[in-house]
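We just call them A, B, C and D in the order they show up, numbering each chain from 1.
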Amino acid sequence: MADQLTGWLFAVLQTLLFAGTAPLLSGWIKRLKCHLQNRAAPSLFQPYRDLAKLFGKNVVLAQNASWLFRVAPYVVFGAILLAASAVPLVAIPLPTAAIADVIVLAGFFALARFFQTLASMDIGTTFGGMGASREVTVASLAEPAMLMAVFTLTMTASTTNLSVAMQHILDAGLVLRPSFLFAFLSLAMVAVAETGRIPVDNPETHLELTMLHEATVLEYSARHLALIDWAGMIKLMIYAVLISDIFLPWGIARQLTLPAVAVGVVAVAAKLAMLAVLLALWETVLAKMRLFRVPQFLGFAFLLSLLGLLMHVILESAL
Amino acid sequence: MIPLYFLLWLPLAGVLLLALLPSYRLAGHLNIAISAATFAASVWLAWDVLHTGPELSRGNLFYIDAFNVYLVALTAFVGLTTAIFSRPYMQHEVERGRVGPRRMRLYHSMYQGFLFAMLLALTTNNMGVLWVAMEAATLTTVLLVSLYRTPESVEAAWKYFILCGVGIAQALFGTVLLYFAAERRLGPDRGRALLWNVLHNHAAQLDPAVLTIAFVFLLVGYGTKVGLVPLHNWLPDAHSEGPTPMSAVLSGLLLNVALYALVRVKMLVDGSLHTALAGHLMMGFGLLSFLVAVLFLHRQHDIKRMFSYSSIEHMGLMTFAFGIGGALATFAALLHMTVHSLTKSSIFVTVGHAAQLTGTQRIEHIRGLIRTQPTVGWGLLAGTLAIAGFPPFGVFMSEFLVLNATMKSWPWLTLPLLLGLAVAFAGLFRYVQPMVYGIPPPGQVRVRANMLPVAIHLALVLWLGLSIPLFLAHWFEQATQLISGSLPL
Amino acid sequence: MLLAYGAIGAALLSGVTALAADRFPAVLRWISFTLLGLCGLGAVAAGGMVLLTGERMTAQLPCGLPWLNWHLRLDPLSGFFMAIIGIAVIAVSLYGPGYALEFQRPVRMPGTGRDDSREHFRPSLAALGLFTGVFVAGMLAVLLADDAFVFMISWELMSVSSYLLVAYQHQHPANRHAAFLYLLQAHVGALVILLAFGVLAGFGGGFTFHAMRTAHLTPAWSSLAFALALFGFGMKAGMVPLHAWLPEAHPAAPSHISALMSGVMIKVAIYGLIRFAFDLLGQLQWSWGLATLTAGTATALLGVLYALAQNDIKRLLAYSSVENVGIIFMGLGLSMIFVATGHPAIGVVALLAALYHSLNHAVFKTLLFLGVGAVVYRTHERDLDHLGGLIRRMPATALFVLIGCLSIAALPPFNGFASEWLTLQAALQVPVLASGVLRSIIPIAAALLALTSALAAATFVKVYGVAFLGQARTRRVAHAREVGLGMQAAMAMLALLCLALGVVPTAVIRLLEPVTQDLLRLRPAAATVRGWLWLTPVSPRVASYSAPLVVAAMVLTLLAGYLLMHWRRPGVRRVPPWDCGFGGLTTRMQYTSTAFTQPVRRVFAPVWHTDERIEKHEVAPARIAGLRYQLHIGDWSWTALYEPIGRAVLAAARRVGRIQAGNIRLYLAYSFFTLLLLLWLIS
Amino acid sequence: MHPDNLGVFSQGILVSAALVLFTSFVMLAQARIQPLIYAFAWQGALLSVTTALVALVSGHAHLYISALLTFGLKALLIPWMLYRLTQRLHIQFDVEIVSHPSLTLLAGAVLVVFCYYVALPVAQLSTLVTRNTIAVSMATVLLGMLLMITRRTAVAQVIGFMSIENGLFFAAVASTYGMPMIVELGVAFDVLVAAVLFGVFFFQIRSSIDSLDVDRLDRLSEKGD
């Protein structure tokens, strides 16, 4: 009973940790990019400042905005937060992981996207519609690729429960699996697409032709905008954690003892920092691609995950 | 046997009476009255036979068993309902000036004459008389087909006359051969050599070679009247060009009677041959007729013509079923005879009204019946659904059984059957639907329509579809046993 | 059993009472629909009872053939589907009285002159009520049937009555065409089903289902029977490429009928397939499963893609029914595969998923059709590109439809998600299979399922965004009013069900236990092993989903967030939309549904027969005064399948027509040569 | 069998049978209306003679009646009616073009052989004097049909029809010494009525297409479009 309670407590704490450190990660990425593009870099805590400022401001709302427009940010944030709560960040024994497995995780993302796109169409501006249309197109192409990749992993671990999967991978020890290689690549590409990074989308721009995600939030202001942005950061972090903890779970705490958790925190921080570097490099090297090249990009991701699956079936069925 | 005499004398008297009666209005009523009396007689007869079993009249001239008694009742019944329908209908025709009072006299008297001929054909025990009656049926109706004296109707009548005449002639030749075969066995008392019951009892001794040839001639002969492809060509013409009540009785009854004759013959031949030759021939013709007619349904412009093709289709199906032989198939065929004649005659009644209220038989000019006159529109729709074999109408049940029997004995033939049913359905509906639905063209007006017959018929068909009343089932089973020699299940 | 009889009786009675409706419209609105409601309650009660007790009841009616009475039987499977029908019928009976007003006011006939007296006509309420009653009765009777004969009769009864309902507004040629196509396909399907039953009966020696169960078929024959059944029932269920009738017919009917057809009638077809494959045929083969799975996948994907491309909102819903049927078929296929390869435990999960999704689809599709019906009822507008902004005009309807959209888009915590989650879980258990082929095909199918649900989400973002959000695009829409309480109540009920079924999947699975027990001799033991809170289809270790906790957490976060934001009320300023500062926003600048789907159309171009025309009206070189854009999205199954068949039949007819040349001598020659031929044959 | 070991009357029967068949050929070849009618009348007469002879040989009294009946009906009445009709329709001198007359005759000959071949098994059984006459009568019937097929005028068709009737009657008489009386009467009555009706129809056809060319009766067909 007691350890159950601690477990739940820990879950809540970890979720808060997730939400709390997400801006840090994106700040870090921004910083890295500025360095790489040798621009003057903002502070590591700039995102926090932005959020705080936005929360402080009065909401400016379009006349014809409906209740849905005002509810959407909360739903988006809530969904993403729930997703975060289900992902083992620093320790495996996470009771909340049982509430929602990988598929439900995808479901949460879908829920968030659903409301965000709806909200963007609520005002009836051209940009809103355009953003929604592109967003759902990209998402619907990314989803199968992502699920395919996840299947490859879950078939190895024969579970969709994240903590159990990580446990299994850790127990298996260091095994080089070709399927994992492909799955990793495709998951990375999907993550890029889903979190609206270059080359699929460009978070920095507001040019009509280039933006996907940004177009859907044009009409938002103040706390609504803050929630949505924050949710976006958390989402980015979730993907990063997923990739790092699934493919190289070492270091993550196996039981809820202080030292173990401490190690976990450090380990995950290191991993995320590394990933961020990779992402920054990638975003600096690549250029934003035309919208209708994106399907090919995601198609390639799907192909990779498919290959991964086949590798699993063909080469690893003995394992 | 008393009811039998009523059954035959009443219409015969009607022929003379109506021929002399000047007023066609009165004649219409009288026509109904006589038909009603005839129907009553038939019911009485049926009652007798149901209780006392097969009856042989004095002089062996008539023989009533389960097989023909129910056809008698059916014939009389449809005759009655059609008479009811025909009175207002023909009056309207007179008012439109399509026929004059003199021809109405001809019409009414021939109507009774036709009934008489059919009842005679059904009840007689003598194959020769059967032939005579069939020919008489042709002769009485041929003038009615050309009643309107339009070029088309005259042409139709002529074809009807010639083709059926020639066909029937073949049948007579077959009868002669039958007689020849029988007379050599039964020797001296020549009078009995054509009596069906005698023949049936001695079928085994009849000479196969002769009977085979005889059957071919009889098949071609009576088959012409059944409307088997490729002998069917007269049928659509005759059915579409005559006055609608005639079409109703022709499609509903005459074909049945012809088929009845064919089956009687088949029973003899089977008894003598001990091979399935007759059955196979009938199956072949049946299937061919069915499939060809089904395709014809897709090329129609005249509403009555279309439904006469559907008659060919169903006749083909029955012939096929009788050809298969077994108890189940026979039962199915008998049932199908009943439901088909009920449904088809009701359809023709409706079609008659439709043609009157639109003033044309051209399909493309009939639109939106439901709007103009709902009863007619719905009636037509229901009738078509019924004839297309949709449950819970009886046609579905019989077709279901036919398919069932086919699957049992000839599994691969179910495929063409099903295909045919589907195509037939498409053919019927692609034409019927636009007629009942949609927006009526200007100048389409309500008429004084007597939908009672339709209602009764469809109700009966519905009843048969949901459950076969016990006495009827009893009849069917007796008849089945008679024809196929075994009980269904 | 009595309850079931009662339900059917009530349905028929409501039909009969409706006959008086032409004279007294009130009869239809109050008596008939009340009876219909009773029928629904009866059905739910009967089904629920059977599901709770898990018993079977059989009966015989002294109808039909002298030697083949009507055999009836009510077992958990039929009970479950009966409950589904019941729910939908209750909703419709609540909805009907309000909606029927639509048909009391006379309608203008298209194409008739102004001063024409026939310009206006009133559709016959009697017909509407009568056929509705018969339709419902027919569906219920199909579930009760225990021999092929009753089954076929009630099946065709269902088809015919629904056909008459499709043709109800027959002043529009399109509806007539749809009705014809529908009835034709229904009939063909029925004939094929009949053939399938015939094969079984041939071996079983009887048309009672009991005899068929005992039949011993060779694998080849049983495969044939299954193929026939798949074809026949698939045609009714709208399996690609036999689906062509569905998007034509469902929109043509009055909305509450469309709801019944899309919501439950195709479920009856699914019931038929389950009954045939799992119950009558018995010995399943994995090849069937593979066939069903493939068909299902194709159906789901194509269905949703076509749905996405539609602008007519009812057509769109119809196509999305095709999609959902595909998902259900996938479940069934998986179940067959797993059962046939000796993993019944997982087979049960898949079957559960299929059944569960049938229930869910019935609920949310009915809800959506009713909602759309409400919209059409107020705006008389079915084209998405003419709607807009309804969330402000019809708030209640908007809310309910939103819930419907969330459910059909398979978003947690609503019911659509639960069943698709189960399907995916079943698909994920492939490692147990021996055959590598299956192990690689099934995950692909699963991925395509994911694609399907993502596209479904896109579709309903479009529907909701274009129809309910943004600004009204036409005057009539701008002045739409909220619908009456009855209609709202119907939608509210279904919306609640959507949520409830999504939140407590365990309860549903408990209810379904007797069904699987009946069909596969196995209960989904693992699924509820950790109590009502946790749904663990295979085992807690493998996967678990706790909808109640999800909901709880979500509510908590929302509350927390809301309080956090509003503990001190910062003001809200209402201003004109910013729109990147362009300003001068008009309703015509909004993204239309056509525009919304353009990227997807471009990505999946080969799927459609797209006919896109842009007419430029150029006043001077390079000065375009006006553009005219029109787009027609065609279904390839037409050109690929239906038109050729039609042509073939007509060609054959033309050939045969030649023999009826009209010349009497020719006819004589026919009979002459027939005679000679026969004589030659016999001698 | 050899005619020489038969009685003279039996020989007579055979001869008349041959003649009946011959008349059918004559009709087949005859292009003019009036001679056609005559030929038909001759066939009727020969038929009645045959009947009488058969009656004489077999001693069936009732055959005499039918002989008389036949003579009255088929040798006198019907030909006369037809003759009158042709006069009233002013077509008695019409000549119609028979396509390939020689070919038609050849076909007729083949038919006879065919009939003999078909009727062979039946003939084997017969003990009657007139056993092979079945083949002859069948041939007559089929020749009648051939006539109807090859001729275009309604009158010629009617004659063909009647000659079919003759063939039937001949079969009845020759193979089985006639049918039971009631049937005989019935058949005779039918034939009579038929003849009358034909008369009626000539006028109807004439008035509708003002010609008796049956090839022009082709309004009702499924050829269309």
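Everything that follows uses one rule, which is that a residue touches a chain if its C-beta (ideal position, glycine included) is under 8 Å from a C-beta of that chain, and two chains touch if they have at least 3 such contacts.
On a predicted model such as this, the values are computed, not experimentally measured, just so you know.
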| item | value |
| --- | --- |
| Among all chain pairs, the one with the most C-beta contacts | A-C |
| Separation of subunit C from subunit D, taking each centre as the mean of its C-alpha atoms, in whole Å | 70 |
| Subunit A-subunit B separation of Cα centroids, rounded to whole Å | 79 |
| Gap in Å, rounded to a whole number, between the CA centres of subunit C and subunit A | 36 |
| Centre-of-Cα separation between subunit D and subunit B, whole angstrom | 31 |
| Shared interface positions of subunit B, touching two or more other chains | 158-159, 162, 166, 170, 213, 236, 296, 299 |
| Per-residue multi-chain contacts in subunit D, two or more chains | 118, 121, 145, 148, 157, 214, 217-220, 222, 224 |
| Set of all touching chain pairs, with the criterion as stated earlier | A-C, B-C, B-D, C-D |
| Sites on subunit C touched by subunit B in the complex | 62-68, 109-112, 118, 121, 124, 149, 152-154, 156-157, 160, 167, 170-171, 173, 176, 179-180, 183-184, 187-188, 191-192, 194-195, 198-199, 201-202, 207, 649-650, 652-654, 656-657, 659-660, 664, 667-668, 670-671, 674-675, 678-679, 682-683 |
| In the complex with subunit D, residue positions of subunit B that touch it | 126, 128-129, 131-132, 135-136, 139, 142-143, 146, 149-152, 154-159, 161-162, 165-166, 169-170, 172-173, 176-177, 179-180, 183-184, 190-191, 193-194, 207, 209-210, 213, 236-237, 240-241, 296, 299, 301 |
| Touching residues (chain side subunit D, partner subunit C) in the complex | 114, 117-118, 120-121, 142, 145-146, 148-152, 157, 214-215, 217-224 |
| Subunit C residues touching subunit A - in the complex, by the definition given at the top | 388-389, 391-392, 402, 406, 409-412, 417, 421, 424-425, 428, 430-431, 436, 439-440, 443-444, 446-448, 450-451, 453-455, 457-458, 461-462, 464-466, 469-471, 534, 540-546, 549-550, 553-554, 557-558, 561-562, 565, 570-580, 585, 587, 589-591, 595-600, 602-603 |
| Subunit C residues touching subunit D - in the complex, by the definition given at the top | 656-665, 668-669, 671-672, 675-676, 679-680, 683 |
